[in-house]
Amino acid sequence: MRKCSLDSINKIFGKIAETNKLYLPVDGSDGVAVYTKWEEGKEWSNALNTVRSPKDFFFPQVENLMEFKTSGKNIELTDIREEAEDFVIFGVRACDVRSFDILDRVFLTDPVDSFYASRREHGVIVSVACSKPSETCFCQTFDNIDATNPLGDVTAWKTEDSVYFKANTEKGEAFMKKIESLTEECDDTAVAAEKDKIAAIMKKLPLKDLSADAFGGGKTDTFFNVPEWDELSATCLGCGTCTFVCPTCQCYDIKDFNTGNGVIRYRCWDSCMYSEFTKMAHGNNRLSQKERFRQRFMHKLVYYPENNEGIFGCVGCGRCLAKCPISMNIVKVMKKIGGKVNE
Amino acid sequence: MQVKEYKPLIVAFCCNWCSYAGADLAGNNRLNYPADVKIIRVPCSCRVNPMFILRAFQRGADGVIICGCHPGDCHYTSGNYYTRRRMAALFSMLDFLGIEKERTRVEWVSAAEGAKFAATMNEFAQTVASLGENKRLEDLRCKK
Amino acid sequence: MNKMEETLIPKIGVITDVRIDTPDIKTFRVVTPDGKKAFDHRPGQCAMLSIPGVGEAMFSITSSPTNTEFMEFSIKKCGCVTEWLHQAEVGQQITIRGPYGNPFPVDDVFAGKNLLFIAGGVGLAPLRSVINYCRHYRDRYGDIDIVYGSRSKDDLLDYKEIIEEWSNDAGVNVHLTIDNPQEGWDGHVGFVPNYVKELGFDTNKTAVLCGPPIMIKFTLDGLTSIGFDKTQIYTTLELRMKCGVGKCGRCNVGSKYVCKDGPVFRCDELEELPDEY
Amino acid sequence: MQKITRDQLVEKAVALLSDGTVSAVLGWSRGEFDYDITPAVFKSAEEVKENFVWNDFCGANFSKYLVAQTGKVEGKILVFLKPCDTYSFNQLLTEHRFDREKVYAVGIPCEGMADIAKVREIVGDGIVSIEDDGESLKVSTLYADAPVLVGAKDVMAERCVNCKSKKHVAFDELMGEDGEVIESARFDEVARLEAMTPDERFLFWQNELSRCIRCNACRDACPACTCEKCVFDNPDSAVENKAPANSFEEKMFHIIRAFHVAGRCTDCGECSRVCPQNIPLHLLNRKFIKDINEFYGEYQAGAEVGSRAPLVDYTTEDLEPGEVFERGDQDA
């Protein structure tokens, strides 16, 4: 374990930025943290998390896949893929680190999505423990997410005056090597104390008792036709906020953009909440908002675990709790239709 | 190396009944106006949806002008009155977003005003040329 | 850069033949620009065809895998991609990627069985691939019955092939029907589900169904009422798809992705899925 | 600090449900915390008694829900309308978007709604409870030893600080006292932007709109956006690009969105409330309202049913689009 003083963290950022693009949460003009490319003068935000999740780094909202030129009856296809550059994402919280694993299980299973894979390979994730979890946090509901000791290539802890680092992977070791001269070896007393502090707060969180035990693979029949879906979805606006701020939502659309002198085929995030998500020439298999609403939650709580050894498609980051225009969210759904709070 | 002279691309939406005929007349009378004015014929100036204007900019236009019958002379009685209100609101909004207001214009050109059509286009092209390329409403994907 | 294979990046294909089957269905023959088959496939699998700037869509491969020279797609005009394809001429290039989905279990489950194919309208398209595969390896299968219905005589897909080839094969029985009486038609008139019940097949068969959702529903009821078990019946589904490989999330029904886990499902498997297809 | 209490509203809802006047109630439903309130359709008096809430976080405008819900509910539906909601209500009626006969509208006074983001700015994260303490809110957090008192005025949502009217323009029944139309300062921010140079304005909007994630919440929450099929959802429109692929797409979406509601927007402020990225979208709408007022005379959408929206109206004496800027120049 190594540490540096909080005052000198910008030196570390400077060191990393010499060779890699470095992204970290920085407070924007409206005071809200956004993952921003670090440069001299940018300060690491104190905010718990960003509104937009870091899934963008591996699965950007818009990404060009290929280009076409057409002349007469002929089509010329250009593969525009480029190897991603090495980059570092700094300050990722435990929930978001976990979300990468959930995305990996989609994009890195055969056939591997090369766009995603390339960025994943070149990205180094420096996670940081959550010193001040918020009331909307419920990562404890899910297995393998530890806000006191997040995963990632490197784990960091930020205390009052210092930042501590521990490498977890080979990529992480390389990262540590790079910042070696700016950090000093230390024992883990301070980190242990920080962990205890966080653990104590976690025990006080209002959603600490939320349980997902009622859900999981093979529960389709249990939940699909419960009448509560009507009530829960009655006022859903059908916007895509929850899916777009969600770190694990991975549905996408592939569209063509005609530039006037060629066609760019791009992919962009899509939302199962949108009315035309499943619309086909011959009709739509999800006609009402209730069905679309149900799909989103069933996917996270039942379908995804069924295909992925019981792992839920939610990491409890609380973004949808904070951002849904009508404050409808996965916690309300879980409580209403299944997971009564463990008393 | 010779520097290519910058010639703005102008999209002119012309109503079928007055301005398009005006453009025709300008042509028949051999009046000069820039070749980079691309005329799109519309049934009435009020057919021009704000989206058309934005899309023209997206596709590389540096200026967009809408020409219709003089107020009171609309083939459909009142179409151009609506154009007048809509475009006033839209242009003001574009200006609000910091997009150069000189890039958009509405002119009333009757079928008999070939000379006015040519003069308007010359003058508009010059104005837009002095602003340079449209950068604030461009779509880089379309500029490759 | 040593580029990885990317399934989303298609190959170029050329339309080498366009056959007008019915007023709204055309069959397109597609090969690569150097005249070869774009890829191998199994009966019942699909391919993504696209026209840059228009869109990409999933189509079942109509030709049999035993055809090693080209692929065929029977396509009904019903959306923007299909409309565009319908006005395409021979020589037009398109893009093609695949094969996607799981095939019919022709080599294990179907082997040695009597087969009953039931199709409605353009639903014959995915079945034609299986039927021709089974006809090619005729000795591996028992009797083959084909029930095929359409709105009218003119809407029967592959009519020529059915009459000239399928009907003449030994052990292959073709039963055609159209919805309403029509001049020049002396065959059966009536809807497919009823016709199936009228024909009253022996239940020692494996049935394969494809057609409009309403036809599938009633035919399934019909088959079970004459004693078929749902494990004996296979069908193939269609949902909106974008990626074709179970990632984009569109064709997700329950824990299954139709593009990857389907489109071929056994009817008892289908029953386990939520009713959203 | 609302003048009317939850109990009064519950009592009203229960009475109307019990006597059969209405068969459903559109109201605010209790959340996990004290601020995450969900609009809900209550079907029984028990549900109302158990889950109905009324506090400083009941900002959602119910008018738009009537379009869908009046079609789903047998009999009448009770809707509680704050003064600003009644304007949207009228505007939708003007556009024949729902059947007035199927609605029982109860006007309720509103003292302004709180913005949870503003509360967070003061007290920080980890809000576990918020109690209404008359003129202030008593906020307990995970990290403060004692509850923090924040002035209700200090955390009031922007749209409520600049409230345009406390007067109800539509109701079947009014609870409490009706207020007056207010001379608000709502156009000040627009004027401030107008006074900037075009370059400054461009940078301002570039920065704001670049945050857009195209979640469509602004459109979906907007009571004026009730098209059956939005142009941005229509693959045939050639603009259904779904994603903010670049700055052009961002601008196009927001210009068109605002333009489509120009003259019909009642300035209810839902667009800015729901924006997950805090883009001040209401400024675009207000710019249109301000312009329309200046160009064609004062007009408040929804003030009365049946009024003709300025952009579907004209006079022969209207100013020319070119004159718009001359006016501006004179002002400057």
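Going by the order they are written in, the chains are A, B, C and D; count residues from 1 in each one.
As a working rule, a contact is a pair of C-beta atoms (placed from the backbone, for glycine too) under 8 Å apart; a residue touches a chain by one contact, two chains touch by 3 or more.
Since this is a predicted model, take the numbers as computed values, not measurements.
**Q** Kindly work out which chain lies most centrally, taking the average of its C-alpha atoms as its position.
**A** Most central by this criterion: A.
**Q** Which pair wins on C-beta contacts, A-D or A-B?
**A** If we tally the C-beta pairs in contact for A-D and A-B, the bigger total goes to A-D.
**Q** Which whole number of Å gives the spacing of the CA centres of chain A and chain D?
**A** The computed centroid separation for chain A versus chain D comes out at 30 Å.
**Q** Measuring from the mean C-alpha position of chain B to the mean C-alpha position of chain C, what distance in angstrom results?
**A** Centre-to-centre distance between chain B and chain C: 52 Å.
**Q** Report, in whole Å, the distance between the mean C-alpha point of chain A and the mean C-alpha point of chain B.
**A** 46
**Q** Could you tell me the distance, in whole angstrom, between the mean C-alpha positions of chain B and chain D?
**A** So the centre of chain B lies 36 Å away from the centre of chain D.
**Q** Using the touch rule from the top of the page, what residues of chain B touch 2 or more other chains?
**A** 139, 141
**Q** Note the residues in chain A that touch 2 or more other chains, in rising order.
**A** Each of 253, 255, 257, 270 in chain A touches at least two other chains.
**Q** Find every residue in chain D that makes contact with two or more other chains and list them.
**A** Residues 235, 245 of chain D each touch two or more of the other chains.
**Q** Across the complex, what residues on chain C touch chain A?
**A** Touch list, chain C to chain A: 1, 3-10, 12, 52-56, 78-79, 82, 89, 91-95, 212, 238-240, 242-243, 245, 247-250, 252-255, 272-274, 276-277.
**Q** Show which residues of chain A lie in contact with chain D when the two form their complex.
**A** Contact set of chain A toward chain D: 28-32, 34, 48, 51-52, 61-62, 132-135, 201, 204-207, 231, 234-235, 237-241, 243-245, 253, 255, 257, 266, 268-271, 274-276, 321, 323, 325-329, 331-332, 335.
**Q** In their complex, what parts of chain A are in touch with chain B?
**A** Checking each residue of chain A against chain B gives 257, 259-262, 264.
**Q** Contact residues on chain D for chain A in the complex?
**A** 31-33, 36-41, 60, 65, 69, 121, 124-128, 141-143, 207, 211, 213-217, 219-221, 233, 235, 241-245, 273-274, 276-278
**Q** Considering only the defined contacts, which chain D positions touch chain B in the complex?
**A** 190, 193-194, 198-206, 231, 238-239, 245-246, 248-249, 251-252, 255-256, 258-259, 262-263, 284, 287-288, 291-292, 295-296, 310-316, 318-325, 328
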